[in-house]
């Protein structure tokens, strides 16, 4: 089976990662790569790592996306998808931006510039956090892939809340990300000389992934979840490490918490639960999430840690996993569980 | 005035930093550098950055430390100082290890291998967290310099607790450190190929700086302080960023908290309070601590962030600052407030 | 077809990379992983990135290597293979160490501690620099994979020498490598704090890859090749960039040199020739070599630059490519041309 | 003595480094910092590492530079100085751009966009490569500081040429630089995600520092010097390592070459000659150059390696050293020989 794929926003980091994954996928074939600012430029000139795999592919414009493709990935800046999705003619649409992540347009409009220009389509989209909402993704035709921090934090916390072992209130998510999370547009904040040898925080109190984490967990757990999320920037290309602090319900020691976490994900191909402390580097280039949990008897806190590759399970990998489900392919097709280490 | 200085443990990172600071200090002159495993080796061979400043200095043994020096810094592995301090003949002793950080030997013995071999000397030592305990350091003859994480977290939190704006219980200290914090002994955990492109945590629940933070803050605030401390490792040479979460007492917004923090440190030469989010890189090579604070009205939390150079204000810089006070020199002599950036 | 594979030296970087490649290979199945110092330890404990792919694999000892495997990779310290190869019972042996790289034992003994303990087997081994010696590798049963620098430099230079466009004498190979080239044993030289923010050289004048480059090129070109090779260490995990300076024969401008280089490799799946200046990052995790060439009309020099991933085309990837040829599999099976970028 | 200093181009990396050096200098006081795009902005907001040292300094415009300052540093983009120097009223002018580096305007115009707008002033400027042209710098009133690569290569090569030990023709300078050498303007080439984990070259054959190296060495040696210079980019903030290849004149072994190099610089405070292979990290934040040399008896080449901090001895440090000489201050005032390591 050959699935013909179009990628919008193909000159960015996530777009490039989608092209890389398609090149190694047994069924997906990238036939169109749109990048408005690069029309006519060979893909391999902007992305030299893709030159051997795509010797002949040239960036096209979004407007010239061929109709009738089996699958279209949208890796556009936030706000970009709502302008093109309404008129899109494609079998399956997988959006990696924020436009269709919230069921309620008003939540989107609270955190992003609005008004939303395609609110009538929000109901069509399934939230592509696979391990929490797999049932809805099978045979879906419109999927909205969650933000990278959201995937890291929500997957790490979800089993503890679902099983009633921790309070859904008062949660702290303290997370560090590599620089690719900030996108490919050159700016002072993401220059090597700013980032290398530095550790800092950003988006204090109001990062846009906060409502997404709360909404995803609330939907999954069935009661209101509230958390404080603090993103930080570390000098790595990829990787998110989320260190989550929760108030316990009950007296469960570390061993029990580990069992619950492992049990919840025991059939999941991309979730690795272990007593080992996760390191982002073990997930580099893979679609895996590594996680663990601890109970601190001294202060009472539960700590859960999760690591992933923000461009893979945090974006392009998860998008392919969603597309596999929607198209009836093997869920793991074209995705690896093995990080490129060291 | 020339202060004759001996440094024990001079082949390590902190020892080298003490040598660097002495080379740029108007009054301190390093006349003896001991490194048991390097006796007879020129200092510049092990530390090429020091070769121009110390063309003739050769490592000696700890046993041959000349008597009667004005000042001796000990930068030995934990447990090393308690064996040499009892018989030491020196004007001022500044220990950078953990041996004399706790007033109570039993606390030391709970967290470090014991029994303590010089418990009778514990009362002689002043805890060298300058901004909190400056009065005790003037004219002190024995000083115990705090751990790097302790300095970062305690200085960032202290004013909020002292002024009663946050609860001394339920505090979370989530901190990331550069690799030099782990010392210079080669091991897999600190190899470039392990660390670069990775974010991970370590010492979950029981890192030894936990009781030190609690003891220092308890002593300063006057009531029991309890916290959960989680250290992480990031791919930088130097730098600690501590992100601290506290439960508020009262309704004070960010502006008030910033005023209290700035007011507490307004005459401090090495503390920079600002609304800016601190970045460790701005402190590189300096003795400065950069900090800020926020109140999250949505979830209630107070967040305080502090950044410093772990080898400077977190170790050697603080030690020199302590020595300056003890010897009646200008507190800032030989120390810079300016980071080497970028 | 399932090829049963054993890997000796599986706890090191190259061993881990071989395990990663086997996990993604359609035909190779790693059934035995030997690491003398780790016998009985789960593979995923030492290599967390491999934990999801090998949940049940445990390190065994070299002595217990099962007889009759279809394929054995040896990723042992130099000198280790010559002790085990003589008694090895396996279909195809692929050695990644230096033991069997030289046809003449005396060359080995000049550059490595000797005497060679299995000189009678040297003739059995084919030198696994695929693009230069492919014919000999088809159906080979004993293959010696070249060193990482050797592959980078020899492939970049070879077409220019072969076509008589540059002199085989007076060549300079100036190369920088990432840290994994130095292996996984902890030492001061490869600690993060030594390497990060530093650029340095090592092995001046007498690095062991020098005779290998000369021997490989001499064999390929058919006349004596002599060069000065200078390796440097840069703060990256992976990657070798070789900048090669040659004296021209004739008056060929850059365009002609590029044509010759591209022509020589036009059917090669893993060689990417372009006017673009190669960057190691574009090859990360792939088996590709990116290269270019320039003629400086002002000073006369020819410059040729080649980039690759030292653990892939420089070691494990090339080994798998060799094995594929020897076993009659598709040469590209289990190998990607696409780097993990950024 | 207080020297009142103005800095033009103070928002860039070199400008910031000049401010840092002035803050630690016993005699220089920065009283004016111009940055056209930042007029009215506090210096500490753009350069947080300078916030403690300059709590009240605000960027002004170049046009409002106060007349009559004792010393003005110009750290402007190439082409900027020739527009402001003609009308400048200052005691000593130290230009860190390329505008006044060539005695002959036509050389400038060959490599930079022209025509030169102040060619009549070229003769006023002394070339500030201190160790080669110190005599001319004493009491100079207009100084042009060399490029960073130029300082590294020329100082490393100069003694060998001057003493007639190597040919002034056919030289290869292969150098790697950290990212700050490319300046502070955000662009794709200097983003963290482009640079980290990558090694690449740029400016092949025609980098602008080529004619500067040739001119400086020709002037110093007294006969025409010709070389091929290849710059590379490595993932470090600072640091240049120049690996230089020269054809020998005579039969001098390594020991003799080292003696000549050491002898040439034996009274120089900032030059460290040693058999040790230099590493850029040992020079970080200092004004030192570390260098060594080798003779390869096998292939005949002489190799000389030099390392420095491109923002210090490669720019701001050298500028301060020049200013010290011009003003009759101690040459080393405000400059350290000791790197910040690790």
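Just so it is clear, A, B, C and D label the chains in written order, and each chain counts residues from 1 on its own.
As a convention for this text, contacts are C-beta pairs under 8 Å (C-beta built on N, C-alpha and C of every residue); 3 or more make two chains touch, one makes a residue touch a chain.
All of these numbers come straight from a predicted model, not from anything done at the bench.
Quick check: more C-beta contact pairs at B-D or at B-C?
When the contacts at B-D and B-C are counted, B-D has more.
Farthest from chain B by Cα centre, which chain is it? Let me know.
The chain lying farthest from chain B is C.
How many Å are there between the centre of chain A and the centre of chain B, using C-alpha atoms for each centre?
38
Using mean CA coordinates as chain centres, what's the chain B-chain D distance in Å?
Each chain's C-alpha centroid was found; their separation is 35 Å.
Once you find the CA centre of chain B and the CA centre of chain C, what distance in Å lies between them?
Chain centroid spacing, chain B to chain C, equals 45 Å.
Where in chain B do residues touch at least two different other chains?
13, 180, 193-194, 196-197, 235-238, 278-279, 281-282, 284, 342
Where on chain A does chain C make contact in their complex?
13, 16, 20, 23-24, 44-45, 47-53, 180, 196-197, 237-238, 269-270, 272, 274, 276, 278-279, 281-286, 288, 290, 336-342
Okay, in this complex, where on chain B does chain A touch?
That would be residues 170, 172, 174, 176, 178, 193-194, 196-202, 204-205, 226-228, 230, 232, 234-241, 243, 245, 277-282, 284, 294, 296, 298-299, 301, 303, 305, 307, 342 of chain B.
Could you list, by residue number, the parts of chain D that touch chain A in their complex?
So the residues of chain D in touch with chain A come to 13, 179-180, 184, 186-188, 190-197, 235-237.
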